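What follows is a pair of complexes built around chain A, which joins chain B in one and chain C in the other.
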Partner chain A sequence: MSDMPKRITLQEWDLRYEQLSKTGAYQPDYGGPLSRHVEGGDQRLLKLRFDNSAAALRLWNFLLTEEDRLHEARTAGRKIVGTMKDLGTVPVMAYSFEDIVAFYPDGAWWIPCVMELGAGLLEIADSLGIDESFCPVRAMLGAFVTGAHFPIPDMLICSVGATCDDFSAIAQRLNGLGHPVFWWEIPHRRNPEPDEPAVNLPGGFSAPKCQVEFVKSQLERIKAALEELAGEKLDERKLSAGIQKANQVRRLLTELRKLAFTAERCPLPSLEMLIAEMLAIHFCSDRQETIVVLKELLNEVKNRVSAGNGVLDADAARIFWVNPVADLQVMNLLEDCGGRICGTEYLFTHALDEIPEDLPPLEALAQTALADPMAGSSIDRAQRICTDIELFGAEAVLISRIPGASHCALEGRIISEIVQETFDIPVLEIEVPPVTDSMRPTLNTRLQALVETVKSRCQTSLRKRRR
Partner chain B sequence: MICAGIDAGSRAIKIILIDTENMQVIAKGLADQGVEQDKLSLALFKSVLEKHGINKKDVATIVATGYGRNAVSIADTTITEITCHAVGVHHLLPDSMTIIDIGGQDSKLMRLDNDGRVRDFAMNDRCAAGTGRFLEVVAERLGVKLEALGKLAANSTNPAAISSMCVVFAETEITGLLASGTAREDIVAGVQASIAARIISMAGRSAEPPVIFTGGVAMVSGMADAMQNALGQNVSICPDPQMTGALGAAILASKQLKKANA
Partner chain C sequence: MKAVIYTCPYVPAEWIAAHGLRASRLLLDRVDSTSMFIRTEGVCPFVRSFISEAMNNKDAEGVIVTTVCDQMRRVFDILVRKCELPAFLMNVPNTWQNIESQKLYVDELKRLGRFLSRLGGKSPSNDMLINIMLEYDTARATVLTARECLPARKYAEAIAAFGRDGPDQTTNRVRDTELQISGVSLAIVGGPLMKQDLDLFDIIEQSGGRIVLDATETGERGLCSKFDRRRLHEEPLMELANSYFGGICDASRRPNSGLYRWLEAEFDSRNVQGIIFCRHLWCDMWHAELRRLKDWTDLPVLDIDTAGDNETDGYRSINRIRAFLEMLQ
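On to the complex of A and B.
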């Protein structure tokens, strides 16, 4: 099998794995053929297409063995913290402790997709009164009930306030099931009044100083709770070291995104990019290994870009993707239709921005937490998206709605209008449930039409330039 | 040479053959869609050829479009109905700037540039509200033929308010309206207005005139008026609206052929 970059099936990965093994390619302890995860019920993998690099194999294996790492942590007596909703802030604190491992139980929202509804998690959520009018994160409830996916955390920490209403309802239901949640509040970020002391936040936003102070006080509460759990003090030195490590991850991702999204030919498929980006928020339960995995992936991308190689056609339509998808296969579908991802906004752009290192660490974390796209208005989000569209040269925007997610109800129209006013590029909204098999033809039409529209517009502008 | 466009829609299959020299339509055909989409497309294609005495080998390129386009095995390539409708409408009405297309299963709004290319588009969600299927359900529930809906609506004096955007719920609502003695005319007018409002909501900021209405539902009388009222501007029905997708596909097939021969 050729070493040229391409997307391959799971079966093709088995052959490739054998080939890599014969060459003596290094395998981490969680390595192995990808198809072994199907035996554990991850049926969706059989329908996905994967990047064929060893770096991508390591990335996928790293992701798909997170539950094993959590169980090992439990066996080793380390404390496990389930962080919910805030996407990227609490894990930075948690990983600053020697013996705490943090993860996002919310990540269970992908189990119905990956196991093709086989785990029955959504049915359990239904039976608990959290039906399909709520976001697929409700699968998390099922995962807590069955205990089959991750160890029950020693502590649960969840942000409320400027978060999705449906998520709060899901977390409250979890609390009601006997899993006590440590709640902390993130306020809705607002613009400072003209005479109000203001703070410039990462990501180009600003907020009143009092809001930053409030978030800082909330983080102090979390810090105290974590200290009690760990039986260890978290001094400024340790927290600063944790921030520096998190920033190392964020810098790697910034470089990876810039390189992958602006390259002439797409060097890495969208699924691998999605998984890589997600590492910024949860470190896949091993922060140090996250850095190693990302470095390897970045090297692969650098090599491909410098060689002018890519995994998709050179004329692929450059699409900016908004919101993560409940069904991973839809990202493959865009590529099958002739598109590529050039820019993403998966609701955690603040976790991709560096945390200021020249500030007291809690102040820096508070500022970063307040820069969360979910904490601000949809207009703020749209403006950040516009900044990134310009940076990455996207030619269209695809907004992928999450069924039941309260934030999705109105944001699409706002983002769409602002993007169209700014760039006059096509914006398409689609809804993606956890398994889209029955909707494939209609999704295919929408994505194909978006790609056709982009390509047709390119031809028009080329023709005008020639005149 | 001859090129063909096959629009395999959710409710009907449409075929148009054009002479690539003068881009004139030389044959067309229409048949109901069914389960065996490929077989039905092929049968219609053969019957159109036979009826017009055209030999299959004279058809140089075939482009399939529509919901079932990927099932059409005789097609050389597929292009979405969004692009095909735009090309078809632009061919017939070159000044068109906005196209509303309502088919059996989905509805779309397309904005064009001055060259007739799609600038951007919006489509309905996966539910059938605002589509031809919605009208079919209503006609069935009221015990009238689809063609008669327009005449009924024209006699409405007090259109009913249909608040639901879901076919299933709307059907329940219609049952309630019938039970409360609301006239069928008022129910139909209310349904048409609700579909129009649904479509117009896709227009977002604006619908640049001229606005052209195409797709099978454009043939249902009263729908264009409902659309016009909702939009507050003139809406013209495209000539032979059910066939514009197939026409666009045939034109694009011709362009592909010319490009390949260049």
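On to the complex of A and C.
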């Protein structure tokens, strides 16, 4: 089998795995053929296309063994903290403790996709009164009820305030089912008023200093609660070390994103990039291994870029993707239609931006929390998207609506308008449920239309330049 | 005098009035989804109507939106871009049990004060604020007392009129008392009602029921608690915050156990025999409470959901209410 980068099926990965094994390629303890995860119910893998590198294999195996790691942590007596909604801030603090493992139960929103609805989590959510009018994150309720996916955390911490109503309502339902939740407030990030002391946040937003101080007070509450849980004090030195480790992950991702999104030929498929980005939010329950996985992936990408190799055609339409998809297969679909990802905003850009290391650590974390794109206005978010479109040279924007999500009802139009006012590039909205099989033709048509529009615009501008 | 318009119960009318402006808490008119410039899929009908009102209200000089609900928070973005009316987004924390959240609410009132000053208002003295709070408190007590002698619809309208116009005409509005009609005692529970939703009160009465507790956001539940007169004279702004932020129970609170404690007390004191649960389509906050409420209470609960612009909705609701009351009689 050729070592040239390409997207392959699960069956092809099995053959490739044998080949890699024969050459004595290193496998971590969670390694193995990808197809073994199908036996555990991850049926969607059979329909996905994967990158064929050993680095991607490690990434996938790392992702798909997270539940095992959490159970091992429980067995080893480590405390498990379920952090909910803030996407990237509280885990930095949690992993600064010796014996705390933090993860996002929110991640259960991908279980209906990966198991092709086989786990029955959405039906359980239905039975609890949380029906399909809510975001697919409602699958989290089912995961708590069955206890079949992740161990029930020793503590649940959830941000509320400037968050989506779906999640807040679902977390409250969870609380009502006997899972106590530690609530903390993230205020709506607003623009500083004239003469009001302001702070420039990581990622480029700004906020009044009093809001940063408020969030810091909330993080102090969380810190105290975690200290009590862990029986360990978290001093500034430990928290600063935790921030430095998190920044190591963020720097790797920054480099990876820049290379993957700007290379002439796309060096890594969008699905692997999505998973790599997700590692930033809670390190897939193993911070050190996250760093190793990302380093390996980055090396692979560097090698491909320097060799001029890629997984897609050089003329692939350069698309900026907004919001994560509930069905992972849609990332494949864009590439099947002739597109590639050049820039993303998956609701957690604040988990990708470096945390300031020259500030008291809690203040730095407070700034990071407040830089959450969802905590501010859709206008702010659109402007950040515009900045990144320019940085990565995207030629179109795809806004992928999350079914039922409270923010998706109104934000798409604002983002679309601002992007078009700024760049005059096409913007398309699609809606992606957990399993898109029944609507694949529609999605296919819409994505093809976007890609064709981009390519025809490229040809037109090329002709204009030649004249 | 032009008005400062809003719908959220956590916006204190007294604070606006103390700045010399007219506070007008709106009971919204339903709008046809086709009349909106925005796509309507996923947008709560109440939010749609609010946008329409803010865009078209000729008597307003400012609009206040709060962060209590995510869709309303995002309405602010639309208003900033599409509406000429000056808009203010007030952070109302969902958490309430720690001092920082309470302080944030007070700080937001102060920031609202600066917005009101920019609209032409004047920062009030303590005496001015105290007088206005007393005036509102008295009028609110008058409205609340009228519950026992007004049909439920008129009572709901009196509360709405008090929110829209302030205390001036309160006594007149509740003076012409009428005999209370009999029937199965019901509570109506949920988020905000719109004008057309008040028809539900008539339908319920015609079907043999009577609303003895209006626990909607636009009803009694959305009124702040009575001011403590001593604290009011010592620190009026703090007492205002205490009565609004600390006195209004809502589904959006985290945790929202206070809402259930309040409901339990009110259900008991008013001998409630059944619950009409009223919610707008796409309102996640209240929708999520429906099953919880059913699990929590032994009382029968009827779910009435509205999409906002469909006549079929109305007929369906009538039939469901009739059937519900037939079972309870």
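By our rule, the second predicted complex is superposed on the first by the 467 of 467 C-alpha atoms of A that agree within 3 Å, B and C clash if a C-alpha of one lies under 4 Å from a C-alpha of the other, contacts with A are read in each partner's own complex, and residues count from 1 in each chain.
The rule is short, and it goes like this: a residue touches a chain if its C-beta (ideal position, glycine included) is under 8 Å from a C-beta of that chain, and two chains touch if they have at least 3 such contacts.
Here the structure is a predicted model, which is why all the values come from computation and not from measurement.
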| item | value |
| --- | --- |
| Touched partner set for A:Arg221, first chain B, second chain C, both or neither | second |
| First (chain B), second (chain C), both or neither touched by A:Pro187 | second |
| Touching partner for A:Pro426 - first (chain B), second (chain C), both, neither | first |
| Contacts of A:Phe283 with chain B and chain C, given as first, second, both or neither | neither |
| More chain A residues in contact - chain B or chain C | C |
| Partner chain(s) touched by A:Tyr346 [first = chain B, second = chain C, both, neither] | neither |
| Which of chain B and chain C A:Arg413 touches, first, second, both or neither | both |
| Partner chain(s) touched by A:Gln448 [first = chain B, second = chain C, both, neither] | first |
| Footprint overlap on chain A, where chain B in one structure and chain C in the other make contact | 413, 417 |
| Contact footprint of chain A on chain C as seen in their complex | 38-39, 41-44, 47, 67, 69-71, 73-78, 80-81, 89, 91, 93-95, 98, 100-101, 104, 107, 111, 114, 251-252, 254-256, 281-285, 287-292, 294-295 |
| Sites on chain B touched by chain A in the complex | 67-68, 70, 79-83, 106, 113, 115, 117-123, 125-126, 204-205 |
| Interface residues, chain A side, partner chain C - complex | 128-130, 133-134, 158, 160-166, 168-173, 175-176, 181, 183-185, 187-188, 190, 193, 210, 214, 217-218, 221, 377-379, 401, 404-414, 417 |
| Of chain A, residues touching chain B in the complex | 413, 416-417, 420, 424-429, 431, 439, 441-442, 444-446, 448-449, 452-453, 456-457, 459-460 |
